[in-house]
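Structure provided below as structure tokens; questions to follow.
By letter and in written order, the chains are A, B, C and D; residue numbering begins at 1 in each of them.
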Amino acid sequence: MEIEKYQIDAHNEKLDATHKQRFSFAASENARVEEVISKLIKFQIAIPSWALGTGGTRFGRFSGGGEPRSLEEKIEDIGLLHKLNQSSGAISLHIPWDIPTDYDAIKSLAAHHNLRFDAMNSNTFQDQADQKLSYKFGSLQHVDKAVRQQAIDHNIEVIRQGVALGSDALTVWLADGSCFPGQLNFRKAFQNTLESLEEIYAALPDAWKVFVEYKAFEPNFYSTTVGDWGQSLLYASKLGPKAYTLVDLGHHLPNANIEQIVSLLLMEGKLGGFHFNDSKYGDDDLTAGSMKPYQLFLIFNELVDGMDAKGIDHATGLGWMIDASHNVKDPLEDLLQSVDAIMISYTQALLVDRAALTVAQQENDVVRCQEILQDAFRTDVRAIVQEARLRSGGAAQPVQLYRELKVRENLIANRGLKTVATGL
Amino acid sequence: MEIEKYQIDAHNEKLDATHKQRFSFAASENARVEEVISKLIKFQIAIPSWALGTGGTRFGRFSGGGEPRSLEEKIEDIGLLHKLNQSSGAISLHIPWDIPTDYDAIKSLAAHHNLRFDAMNSNTFQDQADQKLSYKFGSLQHVDKAVRQQAIDHNIEVIRQGVALGSDALTVWLADGSCFPGQLNFRKAFQNTLESLEEIYAALPDAWKVFVEYKAFEPNFYSTTVGDWGQSLLYASKLGPKAYTLVDLGHHLPNANIEQIVSLLLMEGKLGGFHFNDSKYGDDDLTAGSMKPYQLFLIFNELVDGMDAKGIDHATGLGWMIDASHNVKDPLEDLLQSVDAIMISYTQALLVDRAALTVAQQENDVVRCQEILQDAFRTDVRAIVQEARLRSGGAAQPVQLYRELKVRENLIANRGLKTVATGL
Amino acid sequence: MEIEKYQIDAHNEKLDATHKQRFSFAASENARVEEVISKLIKFQIAIPSWALGTGGTRFGRFSGGGEPRSLEEKIEDIGLLHKLNQSSGAISLHIPWDIPTDYDAIKSLAAHHNLRFDAMNSNTFQDQADQKLSYKFGSLQHVDKAVRQQAIDHNIEVIRQGVALGSDALTVWLADGSCFPGQLNFRKAFQNTLESLEEIYAALPDAWKVFVEYKAFEPNFYSTTVGDWGQSLLYASKLGPKAYTLVDLGHHLPNANIEQIVSLLLMEGKLGGFHFNDSKYGDDDLTAGSMKPYQLFLIFNELVDGMDAKGIDHATGLGWMIDASHNVKDPLEDLLQSVDAIMISYTQALLVDRAALTVAQQENDVVRCQEILQDAFRTDVRAIVQEARLRSGGAAQPVQLYRELKVRENLIANRGLKTVATGL
Amino acid sequence: MEIEKYQIDAHNEKLDATHKQRFSFAASENARVEEVISKLIKFQIAIPSWALGTGGTRFGRFSGGGEPRSLEEKIEDIGLLHKLNQSSGAISLHIPWDIPTDYDAIKSLAAHHNLRFDAMNSNTFQDQADQKLSYKFGSLQHVDKAVRQQAIDHNIEVIRQGVALGSDALTVWLADGSCFPGQLNFRKAFQNTLESLEEIYAALPDAWKVFVEYKAFEPNFYSTTVGDWGQSLLYASKLGPKAYTLVDLGHHLPNANIEQIVSLLLMEGKLGGFHFNDSKYGDDDLTAGSMKPYQLFLIFNELVDGMDAKGIDHATGLGWMIDASHNVKDPLEDLLQSVDAIMISYTQALLVDRAALTVAQQENDVVRCQEILQDAFRTDVRAIVQEARLRSGGAAQPVQLYRELKVRENLIANRGLKTVATGL
């Protein structure tokens, strides 16, 4: 299924008058609105191939219907999202779930949907059917060099797949760790992991980056071998200039100040990318901005400030990706909500009066610092985000149009009710 | 110092044009704006007498200047706040810090500032200079009946003070608990506390309420004898119809869902009052809405929904109070920011389309449920709150006017730089 | 496979001299050792049928081999455990995973292994293949009465199964809750759940109990409808005298004082049973005592103290069960370790000098209170637990004998390497 | 007051028979007992000068009596502790609270009590009476270079004091951070702090070390500028080889795996020292081992393993110190309990069968790994610790003898009931 331009136009037409009034008010209130819009238009958030089906927990999974049955259908789904919001122009693949059979066909399908291939993701947290050695006790950290080698080879194969598709980054998320005190020698686990990463690093083509993702816990419940930003930074620093830390919002201990971590990683030149989601308890993988929208804004506030200070291009300097699990919502609607929340936070961060903030900080005027940030956060920027979307050819109200066009019903009709997205 | 009407008028005049434009847009977008404003005008948040000076931690305290040196000056300070925002028309006293010498004089001073006396607060978490027995090992829970009796008598004395001033509620916050495993017999501590509360309850005049506040930890670091809402509800249920639970936002374990607690307490008819503040780690006592504004909105969403369902008047049905500590901000500016954040959240909660939400809930349309709540939260309601404030005679921008009028400089000139608010 | 008496005897013989020396020292140090041993012998911990296979997380599962393929094989596995430790003489079934085909055969199989049928567990957190309506949006809380009725009927069916087998309790763990703000009306969800539970309660035979289990989060990540002990107690109180709260150690928010909860529930006469496991982050379901053994001891300290105060028989008054997930260990070895840790904690709690503790508490001698508890905890009670096990006919070192007898290799030979325990 | 040798001898005599029996059993069970004892004898834990008086919280402080009124009396108190346990042979001073008037007199007083001067502690978290500029908004991070310079100068002065006394390390704990979003530019705060530390570092004498302590929160409640081990390591790495990270057990986010942090810092050669205490919620500063004794053991397990791997001497390679707050116990009894718990954990860690553990780890035998650690932890090592203490001339039961000799009553008689330890 594809959404046609005339369908978007008709939808936009209907909502045009209301939008114009709101945008005109927003523009009258914000002098820099055009500059903001031009940044919004360039800002694209990658969609991971595994987020298109219904997610679940260890207790079960309640599948919806019409889930993509192949890489082609995953691309089709992201194409639908991107058509609607014009901000989801990239796909992040997961190997082995998404190995193409025909690379050229896949590349032209993606091009047809205006999608580029974002960071490639390896998988050493599960055993595949045909796999020789098990990752039950880790992969890159494993006490047995043969297991480590298998995991290294897999990562190098993922790079090879990425090169064939035109990606330029590898994300390594490791489930490696331990469930019980004593299970691991922490230092040896670190050293094994480092040596394994060095072999993978050596296989990176020029202009490629490797992102070392950290996570505090789950699926291991005592220790994780890349457990926090400090550990990730240690690996990335030892590896070299192509290695960066990747921040996933749900991968922290309770109460962590993530925006400070983001700021310091930018300071060190080692922030590589981002996995957006939201959470209340652990790695809940909820819709971005659904639980702590102010935190999302504060993170974007640091991103904008730090990237500008370092001369990093907002659109291309870091890897932006959603990583969420859609357990009770239609995955495509959920992704539309996430992208929307991200664009809203980014817009609010762009509206922060940075000159005034710097003065207030210099004067230790804490009341004023808060006022400046909250002034931006309390601003209703939805019309600005919508204007940017409209100028890019997207829909005024993506979720609404998605429902009007009965996209899900259509996908179910085409793909069936009991499909399971590959990989899940 | 008092702020004169002409000063407020001059300030409002200056900001009038901008406000009119913003409010007119807000009104055009929200059909129920007048109904909302009438509710906002009635909504008053009590200021505790101990929040007018600079706060601190066990590591130290960096006092500002011009802090109130007497109950009279505390009332004067709240009078200033109320003059500016017209939403702080109540004061909550703390005994023994605020024992009046002349009740009639104090009552007419409060009346002069349009303030009423909110819930009275007892203090059994510190030893006073002239105190016979120590609360080192608890008060109402104490193993020694003589200590319990002293604490009971103190609470009854607080009621007596409150009666003299026209208050009609007693808030009992107990530091009682233990620092080490084994220190307490939990059941006996509960029973002692219950019996002590029963004696206090028996001394409540008709039409009085007692609020049993709970707190997870601090100043005790192993157990607290009224430690969570479940325990508070148990006490309140056993005590009788005049006893209620009081919720302080900072008194929970990490990640607690406070809005659900609020909802269930309303369901049980046992929610008595609220202490507003914000926090990231523990009982940080930060400015309301400064850390988790969405949580504050979600709490108000439950309050509005639950009070309406139970037929509870928003303005008078529950006790609304700020309880914060102003360590790095001017206390009066901090309180203005807190009240503002509370009014914003309340307004957004009033704007929630409840009919649509009920339908979406009934249909398990989770995407729509979120859209409905976030539609209200993302709305910029500041002009609505400002309009309500203006109609009540308050200032367009309270913090701004406070600074223009150099209130703090004035207070310092009158009271001195090295004053310490009584009680701190 | 069954373990023969002569095999246990041979093993015990080998370790006899060492044990005798250790036990004789332990006996010389603890005057009440015989009284303790007689209690240990009676203390039995139920094993849940679902804990016999390898567990996993949403990220994957690394199965071991020889897992039970049927209810008969599950009973066989628990029979092996009980033969080894003589403390696992009960099985807790899960419906629909464990519906017997021949009740008499199952009952005599269990009797053959000296096992009784502990609390029955219902399942409304997953959809079964043949199920008419989905539990995606809850079961007993569901907005649709038809779904609620289906879940009620299922629970009543579980009772019926339990009656046929001779069980006398139903454990209701509900995944019901919400993943996003706004998804649920908390009060209606509570009321629906309560009404559903009332129908189930009405179907309880005389002498049956129903345990209402609470859990803070997972699989729902915003709210849970039986989310903490306060909510569970509210349901149990409204339901009536047959309804109790069940405490699972992993179902709390970070830093919760579980032992205080246990004590208060005992005080209220509403503690029904226990699910043992351990955790560091969330519901990690690790081996009991593997992470926080002092907490386990403190819980037993409250259990012993509270049960004795209320005249509750240690062995039969409450439901004792392990609920863990064995992701990286052999499930049977893991269960042996859990039972051992529980017996050790129980023994240490029995050794606490309660008379001295009461005096120290009465004198607020906190140092002494701690000394008394830690004196018991620091005591090496393994020889006492071993002596109790030996007197009951169990093995001196259950894990060691399990390995000597190559039980797992045997089970793999009989059942195959790639089996999956039913239900997982 | 001093405790005489004959008093210790009389006490030990009385308990001799029982001890001999217990130690003889312990020795018969542990082949390496003599090696362990020789390590215990050398292991000394510094006592901070500020831990000798009653502590408190922001809510109040319930002082005991007989608290030291001067540096001389603080040394006297630690002398008492060391006399009793022979494991507290060092004092850690805090400037400006402990500036000596006569260095030689202080040094010979310390020598008289067999105490050496451990790390010196600076104080920039409070304003002193005579201080020119305020630390309200930070010290080494401050936006104003003049404030930073004042704090730098203070730290250099602390070094100077330490040199005069024979100390060789400086501990820098910074309260620096922020209470509200926006208050700080995180990167500038880091850079300012780093530059300030560089100036202090430059003033370090040869053979001195500087310890950079980290803390997640309190007294700042939004961000801390040395907030976690990752940040501390970043500072220490940038500063140079004399700079190390200091770990305080209470300074982490909930659920942090501290033992892994310890292990990795040792791996990096950057673990400098330790502040022992225990906690349930935040920086509760409770008696070491009173809340999570298994965690304390696991930390020592990593310390022993990592120090041995790196060839670091247990007794002299790292700085060992207690940092606790004694709110409800007699401070001296509390310190005796802490030292005892530390010695017990250290002993248990020394008993771990490391060769077997390495094999089990290599075989991924998780069950066995746990058995090996818990075998050491479950061992009652109190007689071994007592034997070490006796051989050093200490008391069999320090707390018991402290009470028998009525030390506290004595100190109250000498110093008065209402004294307040200087600095608090």
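One rule holds for everything that comes next: a residue touches a chain if its C-beta (ideal position, glycine included) is under 8 Å from a C-beta of that chain, and two chains touch if they have at least 3 such contacts.
Chain identities (UniProt): A, B, C, D = L-rhamnose isomerase / sugar isomerase.
Just so it is clear, the structure is predicted and the values come from calculations on it, not from any experiment.
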| task | Find the chain most remote from chain C, comparing centres computed as mean CA coordinates. | result | B
| query | What rotation angle, rounded to the nearest 5 degrees, superposes the C-alpha atoms of chain A onto those of its identical copy chain B? | reply | 180
| query | Given the two chain pairs C-D and B-D, which is bridged by the higher number of C-beta pairs in contact? | reply | B-D
| Quick one: chain B and chain D, Cα centre-to-centre, how many Å? | 40
| query | Can you give the whole-Å distance between the Cα centres of chain A and chain D? | reply | 43
| task | Would you give the residues of chain B that are in contact with at least 2 other chains, written as numbers and ranges? | result | 136-137, 179-181, 183, 216-217, 222, 254-255, 257, 280-281, 287, 290-291, 294, 328-329, 364, 366, 370
| field | chain C-touching residues of chain B, taken from the complex the two chains share | value | 136-137, 143, 178-188, 190-191, 216-217, 222-223, 227-231, 233-234, 253-257, 259-260, 263-264, 266-268, 294, 298, 301-302, 305-306, 309, 357-358, 360-362, 364, 366, 369-370, 372-373
| message | So in the complex, the part of chain D that touches chain B is made up of which residues? | response | 55-60, 62, 125-127, 134-137, 175, 179-181, 183, 216-219, 221-222, 254, 279-282, 284, 286-287, 290-291, 325, 327-329
| Which residues of chain A touch chain B in the complex? | 21-22, 25, 28-29, 254-255, 257, 280-281, 287, 289-294, 328-330, 333-334, 337, 344, 364, 366-367, 370-371, 374, 377-380, 382, 399
